[in-house]
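In the two complexes below, chain A is the common chain; its partner is chain B in one and chain C in the other.
And then the complex of A and B:
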């Protein structure tokens, strides 16, 4: 492994545009995103459906073309790599999708699915493939004997274990987890999260971990980025973002996590409605139509990501980030202070 | 609004469901009892495969015909004015008169529950025409007002759109509007927020609570997530492998969870400011074809295993999943009261 302080993955001013059919112009799925992901750390990427988090994940893996900016993996700019160069890198960066039933072929046995990458990248041959598959299955909590089974014979949690084993079989350094537990029930969620934490420790893996639920990100990440309509609106160390959220959207996400303590209903921060369409984002701050704290400037000027006064690594794109907004909402009794 | 809407109730007693499979007959719901009371929300919690959805479908008499059937027990619907119907045995025609009108259901996946070839407004209006006998025009106007009541902005225009033009959260609202169209006294909600973003989840939870207190509906809320039930339920039944293992008022259950399964399920709920610690419940829910003898949870039970280490060897038995208490394998624990408003089906906890 190379220099540990050198980021494994950098995105620099990364944008991904999609052309919208029917002449409705261009959709900016990812807009000017910059981050560094250090080795053996986890960046959590949080936001609602349609905010661009999956497109961002696909762009860093070059599963979709990069429109502008750069993706640098281990010092190598892969924004415009193609063919065999890209294929060689793919072994080092793998992905686990939300729905294992959709990402595993129903006609392949578990063993074939987990061994496929080994064959494609010619990492093992003959019986060594079988040995590696058995090893990976056991490492993720399945049994070597499960090799001959098909995905439909497994539970949702077991299928996700297979998807993880398949991703890890080729020995990647970066693992992108795109909502890996969202389709599972809480007990399987907890199992898969603790498996992922253990694998990261044992293999020194680096994760880009996507979820719409901050409570899930909280348990696995070192840093958190909050995305809204294609842009980062807040990024920083986990503790800073969770204990001192700077963006109103982050506070809404935090307060939306179901509180598993029955207590008298408190007034809490909610957004109204849903995000605007990314093909026609509102002027000014993209969040202002739903923001409980929006003032005039928010409607005209888009705020840039700026370091907060408390921590330079904690950056927030909000005009009012340095104000104390805890008492600013009429019904806000959240107890979170800005 | 119908006069008796505020006092409709559903009493479920010893409900059993059989499914015919290639391997023989299995019982995914095996003797379940609970009450849905007017204006109150009952939570039904458990992992996938524990029988919660099958129970909910059985109440609505929506089990797939020819494959599954109610094999025992009763589902007594009453309107508070002396009219009552046992839905477990009532004729199909009678059930159809009540379903959609007196009892309605919303599902996890609204996209699958809405018809893609009709506008959202037409689908909601259909319910009012069928059950309330409204004319087409009146029913459409009512559909628009229902859509705005569930929080859809610009409802008149949205009513003319098709389901695919709605986001997931809006589809869930539309399905709710459809369920409310018959002014039901009982609403059954099967994982209504599970497929949604947390922000939209929170909005739907607020919405359902508001509508319920306004309309006085009795609700059954089915979910794997006790975190959601903490917000919505007055009382909770925890279900495992076809049976209820614990039942208590919501506050009591969270303050004092007694069944080892309830404790394990609670520990799984993702929370802020707490590291992922529990690692989940080892193993998985047995399929109805392979339910273990005695307490169905014993192969996964931390309490039984811990006591087996502490107690004399003659009280224990070795199983595939390690040493557990003999009584957990030999005796089927009944749901017994352990306090006011609190029942548990665990031999150890009760003794």
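And then the complex of A and C:
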């Protein structure tokens, strides 16, 4: 295999556009996204609903068509790969969806679902399929006897274990986790998370981990990317992003996390309004209508991702990233609460 | 795991009383259709006539098997038109007669006789035994109903699934075709085809009904595909590396079949009724062959003078259609894995 510093997955200026049906508009679900994902590391992807996280996840797996840019998996450009070539590669990159009930066919037993990938890629034959399915079910904390059951017979957490077993049965290197725990209750969330962490360690997996829950991202990820209206507004090592957020949007997200031990804060920030529609993004910085620190330049020029002065791997798309905004008066008076 | 599925379906199906009842009834009907030469025939099943043993009825059953008539010879002299069967039976040292000892085409002077011990369901306007005609009509109606809907189901499922899954130009073409066939006065189309065919028979009726009755099935299947195509489990299957055929056949079709199966079973009744209409106009099963449709139509003309003639074909059609529908529903419920919890009653 390639050496450890060679990224397993790269996205270069990746864009996914949709035509708005009925109109002439274009919806930019994902816009110029660039990142590298190193082997055996986890990149967390955070952002509000509708910001394009799921589309990005599906685009890197080529489950939705890529409009522009490239997706490179282990040195191979997937963006224009088609048909059987792509299907053969799918063994190496798998996905776990948010809604485990929706992602499992109601008419298929768990055994058939977990064994399907083995059949598709002819990884096992005959009774060896059964053995592998049993092994995978047991690895994710279910019983081999469960393979004759149907998804409706299981709890949410158990279903998500099935979905994980199905993804891992084919022996992937990359696992995209698209909000894998947000449909589960809190106790199941913790179990599934620790399962995912254990599997990552045991199989040397690489995760692209999508969540809107920052606490989960903080506990699971090595690097974090923050998405807003289809663009990355900040990306960097987890510690840098969480301790020294450069983008006002990241700060707002972090402030919104309920803290069990409230510490004195610099200033409590809050955005106003809803995010703009991705089919008509505002000019300039996409975040400026909601940004407490927006100045004139933000309304006209869109900031590019730039390395911050503190850490080169930590990049922020904000005109005022290098200013110390902690003491600044928010220019948007309604954006602050006492 | 694949082998375990059929018994599982059967086990769950068996618990549905209406479904089992309907299955038993339809098996019985099929048996009636197959065994019609021994159930209703003026020929005896077996008799010893002039010192020899004859099996005219049993030979009739054997000869009704497709292609067997080339191998199995007719039972002479019983099969000869001039042969007096009644006299021969009377002369025989022993004879086992059919349950209904009349042929469906035998005329008699007993016209519109009320139901009696001789004629259980009476006789029609030409003095033919209604019970015998009903038994022989079973074969025609079952062939038409099941055959036409098997064909319509096949065409409808394939075209509908293809259109809904593939989308684009395929969808446009198939959708327009569906609309074209639906807008067409189908009954007249069938009439035109049947006139064009030189010697119309049951097979023609099956094809003509089958090739026009698929549109509701195709439409439903297409809609189900549109609903399921974007579902997360379809995306999951693609993510797993499944090709389009596998996604369609293994993931989408099993989830789309339930409503489609019910539509098909309803179509069976419809096909039987279309056959009745065609036969009435003289374009269906060629007269004087008995079919429930032919019987119903002739009974309808005489409803004032002989109302009792209406009931046998009516009840036969009604019961058959009902059983097919119940069977369809039971199969649908048994195939739905969630159906199991139905049996849980709170308390």
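Observations on the model:
The definition used in the following text is that the second predicted complex is superposed on the first by the 320 of 338 C-alpha atoms of A that agree within 3 Å, B and C clash if a C-alpha of one lies under 4 Å from a C-alpha of the other, contacts with A are read in each partner's own complex, and residues count from 1 in each chain.
The definition used in the following text is that contacts are C-beta pairs under 8 Å (C-beta built on N, C-alpha and C of every residue); 3 or more make two chains touch, one makes a residue touch a chain.
Only a predicted model underlies this, so the values are computations on that prediction, with no experimental measurement involved.
Once chain A of one complex is fitted onto chain A of the other, the partner contacts of A:207 are absent, as it touches neither chain B nor chain C. Once chain A of one complex is fitted onto chain A of the other, the partner contacts of A:147 are limited to chain C, with no touch recorded for chain B.
Contacts of A:257 after superposition on the shared chain: chain B is touched, whereas chain C is not. Once the two complexes are laid over each other on the shared chain, residue contacts for A:99 go to chain C alone; chain B is not touched. Contact with chain B, but none with chain C, is seen for A:242 once the two complexes are overlaid on the shared chain. In the superposition on chain A, A:35 makes contact with neither chain B nor chain C.
Of the two partner chains, chain C is the only one that A:117 touches; chain B does not reach it.
By the touch criterion stated above, A:107 is placed in contact with chain C alone, chain B being left untouched. Listed in rising order, the residues of chain A touching chain B in the complex are 48-50, 155-158, 185-194, 197, 212-216, 218-220, 242, 252-262, 270-271, 273-274. Those residues of chain A that touch chain C in the complex are listed here as 58, 61, 63, 84, 87-88, 90-91, 94-95, 97, 99, 102-109, 111-112, 115-117, 120-121, 130, 147-148, 150, 152-153, 163, 166-167, 170. Residues of chain C touching chain A in their complex: 1, 4, 231-233, 235-243, 246, 250-251, 254-255, 335-338, 341. Remark: chain B residues 47-49, 153, 167-170, 197-203, 205-206, 224-228, 230-231, 250-251, 254, 264-281, 284 touch chain A in the complex.
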